[in-house]
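In the two complexes below, subunit A is the common chain; its partner is subunit B in one and subunit C in the other.
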Partner chain A sequence: MLAGCNAFAGYPITPATEIAEAMSVNLPRIGGYYMQAEDECAAMHLAIGASLGGMKAMTATSGPGFILYADPYGWAIGCEIPLVVLNSQRVGPVSGITGAPGQGEFYNVRYPTQGGNYETIVLAPNSAQEAMLMTVEAFYLSERFRTPVTILADQLITDGFEDISVPETDEEKKAMGMRFMERKAHPGPEFYPPTDEIDIPPVVLGVGTKALCSDWTPTEEGYDIETVEAQHKHSYRMIYKIRNHKDIISRHETLFLDDEPDIIVVAYGSASRTVKTAVKKAREKGQKIGMIRPISVWPFPDELFQYKAKYLSVELDYDGQMVREVQRAAPGDSEIHFFGKCGELPTVAELHETFDKLLSGEQLSRIGWEREAW
Partner chain B sequence: MKDRIEILASGFGGQGVVRLGQIVGTAAVNQGFRVTMLKSHGTEQRGGYVRTQVVLSKEEIDSPLVEDPDFFCSFSSAAYKQFGHMMKDGVVLYDPAMVEIDESKPFRQIAVPAKDMAIEKLGRPIYANIIMLGALSAAACEILDKENMLATMLSIIPKFKDENRNAFEIGYGMVTS
Partner chain C sequence: MDKLTDKYLRKRKIPSTACSGCGLGQAHKAMVVAIDELGFDFYDIIWGTSIGCAGRQTFATWKGDNFAGTHGRVYAIARGLRLAIPVEKKLVLTVGDGDAFGIGFNHLLHAARSNAQMTVLVCDNLGYQSTGGQYGWTTPAGVKTDSSPYGMFEPNWVQTEMDILNVLKAAGATFLARHVSMDGRPLVESCKKALQNNGFSLVHCVFPCITNFGKNALGSRNTVNMFNWIKNRAAPLGEEKEDTLWRTGIYHDAINTRPEFSQLMRDKVSEIQRRYQDEGSH
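Up next is the complex of A and B:
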């Protein structure tokens, strides 16, 4: 609402229901709209419709709902509709465990719909305070890039409880690093220019500019065409408007990287909270351990992984997802390790045991259900 | 005071475990603490396993995980068995109607007959978690202000204020420092 959100469409699901509940109470008070949909697919379509109508729209769900967003998410990417989507990860696959955190949708949010030929913007906060900041940022980026932006949260962030500071004045908002972008309407008729430029207003219905949007490959005006050449132009835009302006999106937190650390721990979201405590305490013990926390997880911040060290990706999944990106981004001769746990945060004690093993050159893998080699 | 206070509560769904954590957390915020609270639960509103983890500090909190509880409110034997091993020098508050403790443990364990007292004094077991809250408030009185805790509880639970106030005082009176 700080970012100007005035429409929310949702369908209840633990652990994102509280967001819908709060919006249903608060949006009508400022003249906004809350819509309870019949299912998640409809909720996402409704949010897209609100955005096409010129509103700043949002929806929130969890993994089992997020996969039902797949079809409308593709519409929002293809028709370049600004939108904010929050996915609070619980434990999967399918319904899994409702009231516990997971990070199984790391790749799901990169590829939220079929077909390829697009980049996505995903921000992953690790606290209530940062969730507020990143939601505001998501609205800002969605307007500038004319695309849906996903906030990748998890159960501990949306279902937990923390003190936060809410800015009241413009100065306070600025001091917190909040950025804002008003909704504008594209004047037409070339709604879909084949360029990587950003800050092109989106299509808005009902403002006298005429409007076209379709799920088929469009001409620059938005008519269906379905030719290879038109599709190439459209894909170029969907990919390179984001790739070529990654610097505007990119944000991260790093800790203790200046003295050639032996181990660099990589974590995002709520997993990074215990990692940070574990890394700080390891430093107190004299262990040379650093931390990289991507906040913008897509596009993946390859540029952060220039250090030669042992990398340890700590994730709330057992299959190892972000670790694949770390392996790809890190220098070729780096050692890459993985610590996975799901449904609960890794404890500081477990992380210290893992650091000790890595520092002494021991292998982390165990055989059996507890921790198979990645 | 330690730079970090960890409070754990666990039991079954419907016992008011999450509500207890929410009240403690909000009271601490009102008192100027930085606070994190995690809750873990299953799908069911009643009957499933529930845990809440509250961390208080004057500084920003990185790890929100309780690994060395200063206070552990145990509402079930299952919870006691699952989390009792984490206790080092903290205090366990348990309801003897629901929890069988291991008396050989070296840490302090305080019986809070919350369920029985709720039925006996207030006529309904639903007040048991507020009796436990009162007991926790007494055990943590050097950290958390009693009047603030009481006022916060009454602001969060809008109904049955007299009964909840009584429940809180009954619990508070069960713990002597």
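Up next is the complex of A and C:
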């Protein structure tokens, strides 16, 4: 609401229901609309409809609902519709464990729809306070890049209780690093320029611009066309408007990277909170351990992985998702390790045991499938 | 049509990319004539379309704003859009039978429930024709298609005892009509009624597909035979014969009797906003 959101479409799902409930209470008080949909697919389409009409719209769900966003997500990417989507990760696959945190959606939010030929923007907060900030940021980025932006949260963030500090004045908002962007309407007729430029206003219907937007590959004006050349131009824009302006999106937190640490622990979201404590305590014991916490997880911050060290990706999943990106981004001769746990956070004690083993060159005590791939 | 094309349509897209002999243009034209006779300007209407023949061939034909949604979801998009656009703008959707009565039926029912203003023209070519001719939810009994090679034996949704328009009526639609594309004036009149409803209207219009339905069901791509085949199986309500498949006319007319979705939302929200502001000022 700080970012000007005035339309929210939801479908009840644990652990994102509270967001819908809160919006149903608060939006009408400022003249905004809460819409409850017949399913998640409809929820995101309702939000898209509101955004196409010029509103700032949002929807929130969890994994089983996010897969139903696949259909509208692709449409919003292709038509370049600004929108904010929140995915609060629980434990999967399928319904899994509803009331516990997971991080199995890491790749799902990178590839939320079919067909390829696009980049996505995903922000992953690790606290309620940061969730507020990143939601405001998501609205900002969605307008500048005219694309849906996903907030990748988890059950602890959306179900947890934490005090937050809400800015009241413009100075306070600025001091917190909040950025804002008003909705503008593209005047036409070239609604889809084949360029990597950002800050091009999106299509808005109902304002007399003779707008065209569709699920088909568009000409620059938005007519449907099936030529390889037009598809190439459109894809170029979908991919490079984001890749070539990554600096505007990128944000992260790093800790103790200045003294060539032996281990660099990588974690995002809720998992990063116990990791941070464990890393700080390990430093107190004299262990040279650093930490990288990507906040913008997509595009993945490859540039942070320039140090030669033993990397340890700590995730709330057993299959190892972000670790694949770490392996890809880290210097070729780096050792890459994985610590996976699901449904609850890793404890500081578990992490310390893992650090000790890695420092002494021992095999990790976790056995079998959890480490063999890495 | 030339006068109407100049006034309302984009020359670049007219004639459309429909197959030679396709009856979609009759349904499309009827809606444009209705719009013209009601005196709307092209800025007054936002035209939405779906996937399939009906959507693809009508997308971007309208001179004003156009959108083409994902398959079956235009009714949900339209509801969201309805909230954001000025109240005086009308939404017109040209969609196919598979889109409305198959993949999008859940969303269609909720659009009817909420009585969101949209005039849905379901252009029904009796199955999935743009994918080569598979049976759909309105394919007549016994008809051979690429996916009903032994004849359509599943029940369809245009039988008297299980008419999809009855389902939509029960779901809250405030205007419902059925026609065949060669109906001419009665089809235009139904479209006009539909457009005058500040609520959910649906006009079901059967049109001939020569390329696939004609070839599969009738064994020929003879346009005149196909047109006659449909025309001879249609009769106005009350004048049905034994072999009538499509009873044409207005099925349900409750226009402007229930609050429209976005109007209801606007009213409720301003009421809540006022109440909250009053409480806040104390």
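Everything that follows uses one rule, which is that the second predicted complex is superposed on the first by the 364 of 374 C-alpha atoms of A that agree within 3 Å, B and C clash if a C-alpha of one lies under 4 Å from a C-alpha of the other, contacts with A are read in each partner's own complex, and residues count from 1 in each chain.
The definition used in the following text is that a contact is a pair of C-beta atoms (placed from the backbone, for glycine too) under 8 Å apart; a residue touches a chain by one contact, two chains touch by 3 or more.
Because the structure is a prediction, the values reported are computed rather than measured.
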Fit-or-clash call for subunit B and subunit C when the two complexes are aligned on subunit A: fit
Partner chain(s) touched by A:280 [first = subunit B, second = subunit C, both, neither]: first
Subunit B versus subunit C as contact partner of A:55, first or second or both or neither: second
First, second, both or neither for A:65, with subunit B first and subunit C second: neither
First, second, both or neither for A:344, with subunit B first and subunit C second: first
Partner chain(s) touched by A:320 [first = subunit B, second = subunit C, both, neither]: neither
Partner chain in contact with A:125 - subunit B first, subunit C second, else both or neither: neither
Angular separation of subunit B and subunit C about subunit A, which is computed from CA centres of the superposed model and rounded to the nearest 10 °: 110
First (subunit B), second (subunit C), both or neither touched by A:269: neither
Contacts of A:261 with subunit B and subunit C, given as first, second, both or neither: neither
Partner touching more residues of subunit A, whether subunit B or subunit C: C
Minimum Cα separation, subunit C to subunit B, after superposition on A (Å): 19
Residues of subunit A that lie at the interface with subunit B and also at the interface with subunit C: none
In the complex with subunit A, residue positions of subunit B that touch it: 21-22, 25, 29, 33-43, 61-65, 67
Residue ranges of subunit A in contact with subunit C within the complex: 7, 9, 28-33, 35, 37-39, 41-42, 45-55, 57, 71-72, 74-75, 205-206, 208-216, 222-224
Subunit B partner contacts - residues on subunit A that touch it in the complex: 14, 95, 97-100, 156, 159-163, 270, 273-274, 276-278, 280, 343-345, 347-349
Subunit A partner contacts - residues on subunit C that touch it in the complex: 12-13, 43, 46, 49, 51, 56, 59-60, 63-71, 73, 76-86, 89, 106-107, 109-110, 265, 268-270, 272-273, 276
